[in-house]
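As structure tokens, here come the structures.
Shared between the two complexes below is chain A, which has chain B as its partner in the first and chain C in the second.
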Partner chain A sequence: MSNFPYKRQVLKGSIFSGGAFLLVLLSPRAAGAMHIMEGFLPWGWSLFWAAVSFPFVFLGYRSLSRLLITNPNYKMLLGLAAAFVFVVSALKMPSVTGSCSHPTGVGLGTILFGPLVISLISTIVLLFQSLLLAHGGITTLGANVFSMGIAGPLAAFAIFMLGRKLSLPRWLNVSLTAFMANMVTYLVTSLQLALAFPMESGGWAASFLKFAGIFAVTQIPLALSEAILTVIVFNFLYSYNHQELSTLLNWPKEVQAQ
Partner chain B sequence: MFMLDWYAHNNRLKDAHPGEKAVFVFLCLGLCLFFSRETVSLAAILLLSILILFYVKIPLGFYLKLLCLPFAFLLPGCLAVALELPVMPETAVLILPVGPFTLGIGSAGLSLAVNLLLRSLAALCALYFLALTTPFDQLGWLLRRAKLPPAVVELTALTYRFIFILYATAQSIYTAQATRLGYASRCNALKSLGSLAAGLLYKSFYRSQMMHAGLLSRCYEGTFPTLKTYYAFSPRNWLFVCGTVVLLVAMAQFSF
Partner chain C sequence: MKTSTYLLLFLAVVLLAAMPLLLTPDAPFEGADGMAEEIILEINPEFEPWREPFWEPPSGEIESMLFALQAAAGSLFIGYYLGRLSARRGERGNKAKIPAGIAH
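Take a look at the complex of A and B:
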């Protein structure tokens, strides 16, 4: 298996040729949130991440079922929230680099619905993304839920609360939150890939740099444009739907209080 | 956009027992992942593609388009797996000197990447088989049979319904904006998209309230009871599933 019939080829070039090579490979499609595709992770890691994600999703379910006893209309609202996150992630938005990309909607969702409920919502969203859009997969569902539904929202929520405490201006706080939600999702996904595929020399740390470096080409512009988009959405919501927004924004506190 | 869903409701296997389809798909997924051999993956890709194209009768063009979808992740992912930083010149297939480092693709990394590519494609074919043959009500049946809490299954069903409603709403808002040159420039596009998302959120919020009121007026008590559906097992399908398992396990004994 060691002798592949490929011709040995030496490309002499500077950093520029390497960069151009990568850009040509990566540019043709609209980039979306970074989900690990079906079958990419070895089975051990698939099971591991499913086991790690399960308690968080279970907590989300518990807080949901408690909320449902007092406010039965939350089921409708949550169903619509999940569908909203799904539809937003299927929109095409212009990216800062010129191509198109799909927003993830995680930052927005976290601010509106709180991190615990988002873990359950994003499990459902990811299931439908894999079945309706072929984005992500069933065997990698656990890993993707952990990066997009747990790590990203928790980091985003922490940033949002910190920003509130520091009384940052709203646009800055919201954009930082959306940016962080994306960045943490992308970094955690890179970490998951690096743990599953460590390099022979340098182990998983070197491998992490490699994965993060390659996906940075699509993910950092995505995070930036989504930060801008989220601020615009928030400004619209504040100026036109303040009432509904304040009802929604009370959610995280209610979830935490119970 | 939701052609996958259309085919799920209009195909030859839509009335087959959902348990049979799920067992078949999960066995294929599990065996491909467990063995992680090129031969198994290739056999699974061929078998599932033949099944999807000639038995389920999905048009070739659409199927090829589906297979190309995940390449935005697959290509950079496999490239990243294949890259080695201090690459050994003896085993290298490709060397890229970048500043002081020598990036490159070694033969070990390359074989791992090829293995990964085939495995992912095989798993993808299995996922497509499930997505193309199983309508959502059967998936809901499976989720209920998997003893998921009823609240979660209902939430999933609600989400499924709302996705289509919200998508249609988003589309009509988009058309209205686009006819008024809302997407003529990059700056306009961002602004329009922001108002679209905000409008969509408001509409979903409003709709959820209305829907709840509507359900309450129809004696809603927190659950959506449905008629029990019964599916018939087919011995022929089970024979096929067993044959597939034997084939994949047998293929695992060979290697290139």
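Take a look at the complex of A and C:
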């Protein structure tokens, strides 16, 4: 079997992600993760978001192992996408609202590998941050994976595909994608909090506006920064690793020439 | 992209981060998640987080060390990979011309 050497790698990956999932599933308060603080979602919602996120992460894991078996060369590029998420999600930056938040970095990986693979990467980063940094939490893991690893990337992927259809200039399309990945992540976080904590008057819509006022507005300048950083890395890749990138993205000729 | 374009873009990121500090010098700049916590308690004063983090960094210093470590590890990999790419192109010299479109 020609792909036998990669079996071990896939096995290792399975054990790791399996462990992560078990942790999420077996922990009695299993749920969401990242920007929602530990214990701050009622347990029903925690379970709900964990259940919603699980299939995506599972599919992400499957599509990742398939990709690595057929194309082991992408390992490094995959590492780059993950490292990018690691770096920018550690950068807590000040924003115009007078508070701080951090970019998500999932836009780059979404462009390169699609939204499913990035959901697995996000889960790993969120798990790391909740266990070692008390940032996010195990009970909020499902919710945070959903916002940062699923909803943001899916929206970003849709924008990216649309941009390709409209033949937007590459830099513009890449920035829009990264910007959207970031903004949608925090809009969904606001929505998750609003659903769990509706206001007495006005219900969840009023409470959504309130949460979005914090998360989303804070996020605008950070989303811009993230867009710029993503373009920098993407253009560098485009210049220096053109072949791998156009194969991966199946980039049409006209776009390549831009 | 030309080197100067890269530098200008980096400068833009720095300015974006510096701008809030200059515009609102008296702001507390706490985490947005902490502010959300306040709203939650405002909406539902009886709510109590039902789960504490497993482990919390004992101090702000240690927490920032861990965050710095996270950023450093990521940057290390990015630098290594991008460096390898640019070295690979250097070795090939001018034999393999890069396709049109990179001088973007």
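We adopt the following convention: the second predicted complex is superposed on the first by the 171 of 258 C-alpha atoms of A that agree within 3 Å, B and C clash if a C-alpha of one lies under 4 Å from a C-alpha of the other, contacts with A are read in each partner's own complex, and residues count from 1 in each chain.
In the analysis below, a contact is a pair of C-beta atoms (placed from the backbone, for glycine too) under 8 Å apart; a residue touches a chain by one contact, two chains touch by 3 or more.
All figures in this text were calculated on a predicted structure; none of them were measured in a lab.
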Message: Quick check on the superposed pair: does A:65 touch chain B, chain C, both, or neither? Answer first, second, both or neither.
response: first
Query: Given the touch rule stated above, what does A:170 touch, chain B (first), chain C (second), both, or neither?
result: second
Task: In the three-chain superposition, say which chain, chain B or chain C, touches more residues of chain A.
output: B
Message: Between chain B and chain C, whom does A:73 touch in the aligned arrangement: first, second, both, or neither?
response: first
Field: Partner chain in contact with A:232 - chain B first, chain C second, else both or neither
entry: both
Message: I'd like to know which partner A:201 touches here: chain B for first, chain C for second, both or neither.
response: first
Message: Tell me the contact category for A:120 with respect to chain B and chain C: first, second, both or neither.
response: first
Task: For A:101, select first, second, both or neither according to whether it touches chain B, chain C, the two together, or no partner.
output: second
Which superposed partner A:147 touches (first chain B, second chain C, both, neither): neither
Task: Once the structures are superposed on A, label A:87 by its partner contacts, choosing first (chain B), second (chain C), both or neither.
output: both
Message: Considering only the contact definition stated at the top, list the common interface residues of chain A for chain B and chain C.
response: 29, 35-40, 42-43, 76-77, 79-80, 83-84, 86-87, 90-91, 93-94, 128, 130-135, 137-139, 193, 197, 199-200, 210-211, 214-215, 218, 225, 228-229, 231-233, 235-237, 240-241
Field: Residues of chain C touching chain A in the complex
entry: 1, 6, 9-10, 12-13, 16-17, 19-21, 23-24, 27-37, 39-40, 43-44, 47, 49-57, 63, 66-68, 70-71, 73-75, 77-78, 81-82, 84-86, 88-89, 98-102, 104
Task: Report the residues of chain A in contact with chain C in the complex, numbered from low to high.
output: 29, 35-40, 42-43, 76-77, 79-80, 83-87, 89-101, 128-135, 137-139, 170-171, 193, 197-200, 207, 210-211, 214-215, 218-219, 221-222, 224-225, 228-229, 231-233, 235-242, 256-258
- line: Per the touch rule, the chain B residues reaching chain A in their complex are 1-2, 4-5, 29-30, 32-34, 36, 66, 69-77, 79-81, 83-86, 91-99, 103, 107-108, 110-112, 116, 119-124, 126-128, 130-131, 139, 149, 151-152, 154-156, 158-163, 165-167, 170, 186, 189-191, 193-202, 204-209, 211-212, 215, 220, 222, 255-256
Message: Going by the contact rule set out above, which residues of chain A touch chain B in the complex?
response: 1-4, 6, 8-15, 17-18, 21-22, 25-26, 28-32, 34-40, 42-43, 46, 61, 64-65, 68, 72-73, 75-84, 86-88, 90-91, 93-94, 108, 112, 120, 124-125, 127-128, 130-135, 137-139, 193, 197, 199-202, 206, 210-211, 214-215, 217-218, 225, 228-229, 231-237, 240-241, 244, 248
